[in-house]
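Got a structure for you, questions after.
Per-chain numbering from 1; labels A, B, C and D assigned in written order.
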Amino acid sequence: MSLRIIATGGTFDKHYDPQTGQLTFRDSVLPAALQRARIAQDCVLEPLLALDSLDMDDRHRQQVLQACQRSPEDRIVIVHGTDTMGETAAVLGQARISKTIVLTGAMVPYLVDGSDAFFNLGFACAAARLVGHGVYIAMNGQLFDWDNVTKNHELGRFETLR
Amino acid sequence: MSLRIIATGGTFDKHYDPQTGQLTFRDSVLPAALQRARIAQDCVLEPLLALDSLDMDDRHRQQVLQACQRSPEDRIVIVHGTDTMGETAAVLGQARISKTIVLTGAMVPYLVDGSDAFFNLGFACAAARLVGHGVYIAMNGQLFDWDNVTKNHELGRFETLR
Amino acid sequence: MSLRIIATGGTFDKHYDPQTGQLTFRDSVLPAALQRARIAQDCVLEPLLALDSLDMDDRHRQQVLQACQRSPEDRIVIVHGTDTMGETAAVLGQARISKTIVLTGAMVPYLVDGSDAFFNLGFACAAARLVGHGVYIAMNGQLFDWDNVTKNHELGRFETLR
Amino acid sequence: MSLRIIATGGTFDKHYDPQTGQLTFRDSVLPAALQRARIAQDCVLEPLLALDSLDMDDRHRQQVLQACQRSPEDRIVIVHGTDTMGETAAVLGQARISKTIVLTGAMVPYLVDGSDAFFNLGFACAAARLVGHGVYIAMNGQLFDWDNVTKNHELGRFETLR
């Protein structure tokens, strides 16, 4: 049973650019991360977007939706920025796709000391394998339903709405 | 819903000792790993043993069993060496405890470049939260039942028996 | 023979702030870096400033100059941002202090994967111990005189002027 | 002015082998380390041996000596295990080669968390560029003459003999 991993960018995948001193996007870290996790042979990686999630608009969300719809694998992990992860999850959730879709991301980039990215990827991959159809957010060691989750920006954590 | 994390040592938790040039055990890496994963507040960490799993005997496995039995949390992750993870899982599985117990470990120590440990911990924490009562092994991105798993030593991977 | 290490910030010492998604300054990485280098007992660390070197003005450079002048150690390493390292070196060089002063920094922060910071620190510490009085810049494995060095921004390297 | 870097193995260059659980030698980390240090274009890397320095015998030391003698570059860094670094330095020192030769190594492998290797490499490269002909050991932020140095095994540090 293969898993599809869709990369869209976000903090998870940011690189440091020595010329500008900014965090930007280059080749995704995911091919190396999947090797290191020893799951590369069980995954199909789809590098779809490379964006800060604050720069995502409706058109980008439709691209993510279409990628999920056309995926031959019915278990999908989406690596996404945390700032608008909830919006993308809502677009996917309202589309009622008969697949298991888990969005995850990171509070600290994969390539920065102390990153939560690799743990979150592991958590999301397990959730995508183990839960039923639906759209979920996997962050800070918890799995949230797409319609009951919000990012607490002060604490840098995801929480249930109610 | 709290998770109990029981540390028993294993490759996951090995440190390099500059005096001997050997990999040994010191303070567990798990407190730092749980902070980094941003789940420390949702976990109870129990540092039970600090052993290479090849050095585990029946007495140690009884200690692990008792720790699971007395755990007030009914969702448990055990960090364990990979070489005898199956034996410990069998002892726990045959005891038919009404809890969800997930054993995990690492092929490369947490503190060594390219380690799978942090991903495996994330995968195991998700599994412990999401599956029903039983004893499982979470390695290389898959969840195995305790009575249908073996370590393929050549490939360094866990596989189903049948 | 003790070495004085003066921290002023710069790329070397930038941290990722999960709340803003920006690279900023927090506690310096230098205490941990000196421990890891096994030189903490032979160094005096002076945390003077915590600035992007583009934000340094004449007043800050006078602070750096005064720190060098009052230093009881006559061998000094200054950790500094690369963008205006040459300007600070010029202020120190023109002051003709009878000490050995070596400025260094990093193209990639110490806490980011692939950082040159720790190598540069080693290079600068050796230079500070081994060369005569004067003001120098130690970057990309070379030692430059303060009045014959420029940063090539396209290549991200320091070069001699002539 | 190019630097020759001669790799002989040692703790600096040890890799973790997931199959055996031991630290062994594979491809040297030095090509990646020189890139990261941004000095690859100014260095010639010679992968000569890949040995624990406790396994080095006279024959190996003659190989190191010959590599130094035939080197067209007269500034040489040798990456070497710490346990017999002094013996190799003595063989080279007694040969009275008209070159600058700096031996360095690490107390913790380059690929293990908290390694001193990259700092030591930077320190050794600076020393090789800055001091006169002779044979030296660069460890724990100090430069030692080959005939006045010993490894304090309890402290894990190099010290002068007198």
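The rule we apply is simple: a contact is a pair of C-beta atoms (placed from the backbone, for glycine too) under 8 Å apart; a residue touches a chain by one contact, two chains touch by 3 or more.
Note that the coordinates shown come from a computational prediction; the quantities given were computed from them, not determined experimentally.
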Please flag the chain sitting at the greatest distance from chain D, going by CA centroids.
-> A
Centroid spacing, where centroids are CA-atom means, of chain B and chain D in whole angstrom | 38
Just give me the whole-number Å value for how far the CA centre of chain A lies from that of chain D.
-> 43
Computed distance of Cα centres, chain D from chain C, in Å = 26
Listing for chain C: what residues touch at least two other chains?
-> 107, 114, 156
Touching pairs here come out as A-B, A-C, B-D, C-D
Contact residues on chain B for chain D in the complex?
-> 11, 16, 18-19, 21, 23, 107-109, 111-114, 153-154, 156
Within the complex, chain B is touched by chain A residues 3, 33, 36-39, 42-43, 107, 114-116, 118-127, 129-131, 138, 140-143, 156-157
